[in-house]
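The next block holds one structure in the form of structure tokens; read it before the comments.
When the chains are written out, they are named A, B and C in that same order, and each has its own residue count from 1.
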């Protein structure tokens, strides 16, 4: 009787979780395995796959400018994310005082994040336009030379970083701010009693308490930035000379422009181990 | 006191700068959309002769490259609403199961939820195309709806789990004693009590699906099946970009998610502490 | 992490719901309000046809017997046609009109879908992979054709082309005869519709600064005169050359570059389709072309922004009068001014063919664009019938409707005064733009673009877009021209090995 009711209870648990489990197996595990296994096949448009071993990887490594995908991932996820998180921390600390207009500023700060990516990329691309954009027109008025922002590798990738910061900085600022506000006031009061100055308070009290949140946010942001497709695709499409491409845009390019699906899958296989390791690290940290 | 004053002045200064940086591009988008063509190239940051021409064009579709735009907006609505519905369904069931029933594998499923949440969707895009192909779903609504359900459900499931856990267990227990079964409890007690959270997660799913670019680009091959973001972005590749029109389309397209977002702002910001909303 | 329950009050619940409903209602209303009314009329007219076709098991055969009875063009049922749109509305109108005329004449329905030109190839690939293909697709970015033919994805169109084969301009046939690696045979896989080559357009007043009225035809005279004018106009911010440089451009840079290589006597592939990059003459031509093109940019004759231009960037630079001269495939720039401002078209600008090479090489490289029928097309017979009727009855109207952007592939059509004399009236007896392209293609030796004859070449120049990338490396990474050329040519070798 007891076992029967327990089985019944488990059954209901499984049935209720079933929709998600099905989705997870069919549309997360299966595609992941598919990506991994198909990367060893030559699969052109409209043909059935042929096993070719590591040919796709060799093809990719010999493809001109594929090495930029690694560099750009490091720039966007390594430099971009950390810069953004650092700025977000400063902003959060600054905002963690009562002042007039805080609510409205907080509401306004959410706007870049509330707006969908494509429209905001539209406006950035228009502002950065080499000939008619806002920046270059202003430069011209001030007698400065025009800069083709999206036409030079260094500035194009920097602009991707700037856009990224522009879009997500408010989000992480508010995230860290919420974390800061959950720190009990008593801790600061006892620090005041000890005669700690502002810097000591921040370094000894605030930072250790906010550190777990900061690390988790950084890891999350790193993973999502590594997988970001839209920013690069709408902003630069990989130009100039395919140098601003990241793995996701290369994969799209190989699949639908070069019509080589095998290479597209292989592109992701370069990225997968990094992502999986980061996710495992993160899952350990988050626990439950 | 003087330190505090100095601090505030610095603060306002920095904030003004950051706000300018954050808001100006959006202002510029709105500005571009109301500028007559002759003024488009001026750098001066206010309109001299504002015109609603671009918006009229968006309504009348009187431009040869955007003939399907209304249909594409409709597609966005269909996909976003359906995603919201499915996401609510899967998340509430799964959330209840994970929160209340300690079945073997509960933690594995929990980890799977988190894994799916953290996983960048773009990794699976090309494989999705092939898999949807196998199921014969490419270029249909279900393909994108399924994809978006997969990627919005984990967050929904997570917050449903939290919300259900916060309901006192006694409510359920007394119902169980009264002879109600789990299904009845779920529909009669859990759903009404978590309704606000359900709405929030539906909104979240709606916004995510509404904004999606990559999966629509990959899975839809007919211009009539595109959603609005793909249509807008594809105007950026044609030879001569009608900037005023693209901006007006962008604004029209941005209004629903922004409204939803601000309507649920309190919730969204509160959810931040959980590292919740996908950025 | 915080565990506070989050509450939404009922009001917000209701608001959110109402908002969703309102948006849905607006969307649905907008959709129904904007459905083109003429389509409804069409369905009324065609109801009979549709039902006939639907009720028979083998529509094609039975329909053919009908044709004999009624002696009108065959009723072969509907077909799906994808076409591209560029920024020129007239092109879309011409295509729509041709399709409507065909529908009215035959009673067959054509489901026409337009895509932005650069979206066409990815969408075609996706459709083929998904096995849900349309029937006819444009070979607008012309590297698509040879690649699809090689992959065995195209239907042989010899029987369609045979009907007007004798009327084709010589050489066009090379640009539609492709190798199918599955059949291990060559065949005719496209109906050629248009020819175009690199042309140059000038603002008359800017160019007058060189002291000449029209540019000489020889290489040095031609370019030095523009550079001379540039020295004067640059003071007003007007550059010498509006040439795109970056790889955001899917086709213009590649075409201009290939034309420069040809003018320097380089042949990247031999007439029997073997890669010819080890030939010292070719290598030298490629190096000279790289030196020349990147030199123009580095020396400031091309606006800095040219590295970000897409295929419309050069057009825009010309339209906004920021350059003296612009090089461009097709006559899209004059076509723009013809519809925008006729005075400009007739009096302020003029078009010149590409100059002769430094050693007098007069060859022009022609892109051949057309329409392809996919192997898995659901309505092959209908599509072929459409192509037959189209070429017979509506082709001329269609290509003239394209505002002279392209040169026709049929001798009988290119003889039309529209192409030979241009759009002349008694008030404006000379058309300084339109006839230049047909006359140049008729009087100078013409070679089809390499990327429209060989699939491997098509891949390197098309999707891989090698030339602008090579130039960008020279410009932004400071790679030496010799190394860059070496790398590019090696890339050709690698890819050619994959297409055996």
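To be clear about the criterion, a residue touches a chain if its C-beta (ideal position, glycine included) is under 8 Å from a C-beta of that chain, and two chains touch if they have at least 3 such contacts.
Small disclaimer: the values here were computed from a predicted structure and weren't measured.
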*Could you pull out the chain whose C-alpha mean position is farthest off from that of chain A?*
C
*Top chain pair, ranked by how many C-beta pairs fall in contact*: A-B
_Distance from chain B to chain A - Cα centre to Cα centre, in angstrom_ = 16
*Measuring from the mean C-alpha position of chain A to the mean C-alpha position of chain C, what distance in angstrom results?*
37
_Of all residues in chain A, the ones touching two or more other chains_ = 182, 237, 255-256, 261
*In chain B, which residues are in touch with two or more of the other chains?*
129-130, 218, 237, 270, 273, 275
*Scan chain C for residues touching two or more other chains and write them down.*
2, 126, 129, 316
_Footprint of chain C on chain A - complex, ascending_ = 44-47, 62, 64-65, 129-131, 136, 145-153, 182, 236-243, 253, 255-259, 261
*Would you pull the chain A residues touching chain B in the complex into a rising list?*
9-10, 12-21, 23-24, 26-28, 30-32, 34-35, 38, 91, 94-95, 97, 99, 105-127, 132, 134, 137-138, 140-141, 166-172, 174-175, 178-179, 182, 213, 216-217, 220-221, 223-224, 226-230, 233-234, 237, 248, 251-252, 255-256, 261, 264-265, 268, 271-272, 275, 279, 282-283, 286, 288
*Given the complex with chain A, which residues does chain C contribute to the contact?*
2, 121-122, 125-126, 128-129, 147, 151-153, 246-248, 303-309, 313, 316-317, 320, 322, 459, 463-466, 468-470, 472-473, 476-477, 487, 491, 494
_chain C partner contacts - residues on chain B that touch it in the complex_ = 59, 61, 64-65, 67, 70-71, 73-74, 76-77, 81, 84, 129-130, 133, 138-139, 159, 162-163, 165-166, 195-197, 199-200, 202-203, 206, 218, 221-224, 234-235, 237-241, 256, 259-260, 263-264, 267, 270-271, 273-275
*Show which residues of chain C lie in contact with chain B when the two form their complex.*
1-9, 12-13, 15-17, 19-20, 23-24, 27-28, 30-31, 33-34, 85-87, 89, 92-93, 113-119, 123, 126-127, 129-132, 310-312, 315-316, 332
